[in-house]
Structures are given as C-alpha cells and as structure tokens.
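See the structures that follow.
Heads up, the next two complexes both have chain A, just with different partners, chain B and then chain C.
For the complex of A and B:
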C-alpha cells in the first residue's frame, strides 16, 4: 500500500469539474501516470498523477480542501 | 468628510501600499484578511486587522456581506478596494455607499458605465476620444457579419460584458467570423450570463499605452502615460513611464483625450484609460477604462512625484485635487517589473514556497513594493504576484541598467520568481531599443530566448 502526496500547496479537487464524477473510486485499478486529482495553485490547475500502480483505496482529504505540499491526498492498496 | 478609519479590502502588495499611504495621511488603518492571510505583511503593518472568512476568495475577499460586516464591527468610515477582487464591482461600490461608508474610487454608477465596453465606448466617442472602428452597440451573431463587412477584416470579437481578455477572438475573414462568433456568444453567456457581443477592427501588433488620470468629481488631471506592451497571456509583465514611441504632439493629444473623458464622466479617484497605439500610422484608440488604482501605478509616481494612492484617498474623502495640471511635471524614465511566484523555466508554473531569505534591492531611484518577509509561506490560494521592482533614472537606457543592478542585488530564497525573465528581457537588444508591441513577448519566449540565457540568469 502506498500514499499519493501533494506536489504543491493548494486546493485539492477529486473531480475534473464540479458536475463530473471523481477521477477514481475505491476499488479502481490505478496505473502509473493515471490522474487521481487536481491541485489548484495560484489560479492554475495542475494534474496529480499516480507514480506507482495499485488499487484505489480512497481519498484521504475531502474534495475542494486546502492542502500543504507533501500532504497525503489518496491511498492505494 | 475626510476619511479617518480606512478599511482595506484587499491583500498582498497593494494592501501594504494602501496601509502605508493611509498612515502617512494620519488615517487609522484596518486590514481585512482571510484565514490564510493572518501572517501577511499588511496585517502586521496596519493599526488593526480583522478576519473576513476562509481562504477561498469567494468566501473572503469577494464576500460583500462579510466585508461590510467587518467594516461595521471595526467602525470604518471608508473602504479601499485595491485592485482586482471587488475593486471594479458596481454592486460592491453601491453596497458600500448604501451602508453609509465611503468607497475609495468612483461612484457605483461610473464603475458600471465604464465597466461596460459598449457604454464606455459611447462615453469616449461623446468626449471626442478616438475609438477603434467597431459596432455601435451590443450585437448578435448576424449583425456581426454586416458590421465586419463595413469596418474591414481582421476583426476582434469580444463579450460586451467581458474583461481581462476573456472571450476575445480574432477572425481573419467572413468564414472565420461565422465559426467564431457563435463560440464567443456561448462563452460570454457561460462566463458572464450575458451573450451580448461586440466587434471591432483588430489592430495587429499594437503597442499598449495608457494614461493615468486623477479626478475629484469635477476637475480632472492626467499624470502622463505608461507603456505596457510586454505582455504574456494578456498579463502585463514589464511597464514603463513614459512611452518612448510617442512624439510630444501625440503624447499631448493622448493625455488631453484622457482628461476630457475623465471630466465628462465626473471621475473621482485614480483611474486609467487604456489605448492601443498603431505605431506605423501614429494613431491611438481608446479601448477601456480601469476605474481603480493599477498594479503599475508606481512608474507614474516615480516620474511625476505624485502619490497616487494618497491622492485618491484624499479626493474620495471630499477634498479637491491637490494639484493643477501645470504642477504635474515629468522627469526621467521609470520601469517596473512584476515578480511572480512562478518558475519561468517551467512554463511559468506557480511555485509558492516559504521565503527563506530576503534581500531587497536598494539605492537611489530603486523601489520595491512587495509583501514578503523571511519565513513567510506564500499562500497558494491567490494570484502569483509577489511584488514589483521599480527603477527611475534620467534616461531609459540608464533605467534599464539600474533595473539589472537591482535585480542582481535582490535575493529571494525558498521560492521561484520571475526575476530571471526580467534579466533576460533587460539584456535583449530589441527591449533595449524599445522595439516591441503586445504580440512580441510570447513568440520571444517560444523561440527559447529565456532558456538560452539560463546559464547566466539562473
């Protein structure tokens, strides 16, 4: 099992836009490079991608939450 | 009624600027801040501070009820909106007026009128200010085609209610206009809830020149012009006062046109009229008015000696302009560069770090407007502007040399900044010659001019 951490401080989003479903749901397969969320930093949106493969366990923070650099965003099994 | 207790409804470097100007005037300062901004410099410098909500702008710096409540709690008699956020919101200005407070800016009606591109254009034409040939009012997609036929291609399509470059498209011919006009309409509806369009002849590769004005509701004066042609994604990165490309006669008629419009709308406070300048034809065209203090106001202060922020506070408190046009003299040349928390070598990716070291540029004719201090975590929730380095010298050449020295002296550790971009620009032959326009910087970056200098500037 491993954690996906935030590369930057900012606001973390689970979804590509408010109307769409989250990038990943518990039980989804995650491949290296898969996008799991978005970080909004200084009015710019930056993709958060998985650096390891696994099975998506869940988001560790709520959608649209301020996070610090290094904060755990999601967990993989 | 002179202002005694000023509430600053903004953040970052402009909040610092307003607090300092108010203190010089002997005014009690009350700094608003979000939960993410408790450590910011303006909070420390102000006489008092009050939290107006959570980090997201919509819950704090854009939250009109929260701001008015905080202003009431702290017994403020006036609100300074800074730039951005609510500074050009007629709804905010009106709410401030209705709460019995002074809005440090023009009236809500003036903001509303000049914020609408079509109404602003009509006001300009009525005051005899040249405008780009275009549609007489807001139009629909069908009318766009017939207007374009009359004024000639290429044409620019804008959202009538837009701002900040959003919704702008250029059509080279009728076929393109047929494709782009419906897209512009849909985008305008989505962004502004108003699908009204506006089209005008596209002036390709213009220079951006703007005139600083001050008004007291009756009288108005200008503080000469600025040139802000070096832009990336329609954001200014480097600004100068004055515009070297203008001859004296053109400068005089440009500035006179700005004063005529300011007087025609009974302007109060500091404002800026933006123009496109077609250098080959030596023609200028009014494009829009910004009814607030601007980021680049310091270059005007450097060449004229006028404290624009203090003057806007005084006139909005009911004073007459403290100077006549004849008393506003211009000396030398000033340049401002914007320092942003971005990595210029990584496509300007935002990079809000913790400021580990801070060494400010110093010297005669050097000014550094910023909100940094050592140990400060730059919040990631707002725009990336950290501050501005401003230099003033006898000539433009000497100002560029002074800018290089200032940027080399300055040290900001722990975060990325765009200082390297400005050093590269300062060493470019075309920038040195003043041979640029609004479409110059992006191709220059795409051609790798910045990465080529990385060894020296990084």
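For the complex of A and C:
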C-alpha cells in the first residue's frame, strides 16, 4: 500500500476536464508514470503521475480541493 | 564550471536584482521576488549581492554540480539533500563535482533561492541576467530552465561551510500574512463601505498568483462611486483612462479580486489602482502559497518609510553577521 502525494501546493482535480470521468477509479491498475490527477497553480495545470505501481484504492481528497505540497491525494493497494 | 539540470522543478528561473530603467518601455524590472532572501543567499556564498542565482517556486529542481563550489539555499523552507544527505537552508555548504542537490516537499513559504559561488554566468540582457519568459529575455535562452540544460557558472572562491543567517534575520510572512498598503490616486473611486471592507475583509492568495501579479480572493465585491465614465475609459466602473502602474500597485478588475503587481508586471493599463503594497512588504508576497490567509493593513507614508528603513537595517545586519 502506498500514497501518492502532491508535489506542490494548488488545486487538485480528479478529472482531465469537468465533463470527463476521473483519471482513475477504484480497482484500476496503476503503472509507474500513469496520470492520476491535475494540480492547478499559477495559471498552469501540472500532471500528477504515479511513481509506484499498484491497484487504485481511491482519492483521498475531494475533486477541486486546495492542497498543500506533500498532501496525500490518492492511495494505492 | 557548470550546473546540469536533471529535473527543472516547476517554473525555475535565473534571477538577479533585476533590470530597472526600462519599465516606461513596458519591460518589467524583473529579478528575485524575495529580494532579502536572494541577497542573503549570495552573501552566504561570498558573491556580490546581485550575482545571478536560481529562483524555484513551490518545487525544487534537481541539480548536478560540475565543479567544487559553495552553495546556499534561502527563502522558503524546503527539505534539501546533497547526494541523499540532508543539508540546512540559510547555511553555506560545499559541493564536489558530480554531487546532486535535490529537494523534498515544500513546508513553508513559496520560493527558494539557490546561490552558487561565482554566480550564474549566462549573457546579460539589458544589464541583467533575470529571466522574463513572456518577453523571452535574459536568463537561459529567455526561458525557465529545462531538464538537460547546462548552465554556466562564473569564477568564485569556495567559502567556509556552515556560514548561517541567524534565525531572527530570516524574514517570513505571518499567518495571516499582513501586507501594509498606502492608498493611491484612485482610492476615491471606491465607496466608503468598500474602502473599509478592503481592509476589514479576510483574503486568501488565489492559485493564479505568479511573478506578474499576486491575486487575492475571499473579500466582498467592491462598489464604486457613481460617475459618467470619462472618454477613453471602458464601461466597467473599475476602468480608467489608461494610466501607469507601479511595482506593488493593487488593481481590482471588475471590483472583484485585487491583484498586487510584482516583478514581471505590465507597466500600465486601464484598471484603477486603489493603492500599493509598501516596498518593505513586497518580499513577503514572494513567499505566499496559494490559499494563504492575508490581511491588508492601511498605513501612512511615515510608517511605510520606517518599514523600508527597518528592512534595510535587516539586510545590513545579515551583512554584518556574515562579514
């Protein structure tokens, strides 16, 4: 089991755009480098990628939530 | 002598103390946003205070050193490792050729300054090495650094390790951060109610805040004194006939979200400016993360000048502590 942490402060999004489904759903396989979300800061969207592989357990914070650097965004099994 | 960029961080740029003198032509002053921290980093490694270094925001870069040199990192608190071994911020240390500096998650503040002995030696543009990315001016090819860049470093002597800026001389914003404001030319455009609300309301840093301007939200929408809009001003009551903007000036497009113009700001335009953050507090803005609570505090000119003097004394005290 491992956590995916936010690399920087900003607003965290589960989805690539409001109309689309989240990047990952519980039970999805996660490979190293897979995108699990977006952080918006300074008018830029930064991809959050998994640095370890596993099975997606769920997002730890709501969609469109302000987060700090190091905040746990999602958990993997 | 070089720095090799392994990971660039978010928007890491080469900065110095800027290029004053071209603002009337629309070219911003540029330079480090937290100038006290920037000067301190250079002092720690024995450089001139205006030698070029790196400004990294929210995320640290990963850097491989080409030669032995002194390094110091000031500004925000961000854990730092040299070849995996922890190193302290606001403290000089020596690196050997091939060693790699990396960073952990940002704790407090927003921007770190990385100084290396000899300073970064990219070609100056209009008298400065500061990067102005929108104008593709200065820095490394006019842009933020990228993975694989090899950045030239000037000749410098390696200083003693463990030179430290005393904790009392590391200036940081409080919580809420207090930004002192002098009201300005267009203050009369706001109703008395909105004038009062600007200073009474609780604001937070908006995620859009960057080197051009720091945006704040959370306060009440502002109301303007009724007037027929003058010829040449737009129809929105927050519009004026174009005027000059100063470093630190506060514009409020649509009366909604105040924006404090910072080092890479535009020099003029058609928004009213209600006043300006005093020069002594501009360093603090450079250390604000998104969603940080902020209060604006009204001051008069005598207090602004006293604060400027106090900040200068603090910089002089750092010089003395490291002499």
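Observations, loosely collected:
By definition in this document, the second predicted complex is superposed on the first by the 77 of 77 C-alpha atoms of A that agree within 3 Å, B and C clash if a C-alpha of one lies under 4 Å from a C-alpha of the other, contacts with A are read in each partner's own complex, and residues count from 1 in each chain.
What we mean here is this: contacts are C-beta pairs under 8 Å (C-beta built on N, C-alpha and C of every residue); 3 or more make two chains touch, one makes a residue touch a chain.
Just so you know, these numbers come straight off a predicted model, no measurement behind them.
In the superposed model, A:11 makes contact with both chain B and chain C. By the document's definition of touching, of the two partners only chain C reaches A:70; chain B does not. After superposition on the shared chain, chain A has more residues touched by C, the comparison being chain B against chain C. Of the two partner chains placed by the overlay, neither chain B nor chain C lies in contact with A:60. In the superposition on chain A, contact of A:2 is made with neither chain B nor chain C.
By the touch criterion defined above, A:49 lies against neither chain B nor chain C after alignment on the C-alpha atoms of chain A. In the superposition on chain A, the residues of chain A touched by chain B in one structure and by chain C in the other are 8-11, 40-44, 46, 66.
By the touch criterion given at the top, residues 8-11, 40-44, 46, 66 of chain A touch chain B in their complex. Against chain A, in their complex, chain C makes its touches with residues 10-11, 57-59, 104-107, 207-210, 289-291. Of all residues in chain B, only 36, 55-56, 341-342, 349-352, 377, 379-384 touch chain A in the complex they form. Residue ranges on chain A touching chain C, taken from their complex, read 5-11, 40-44, 46, 66, 68-70.
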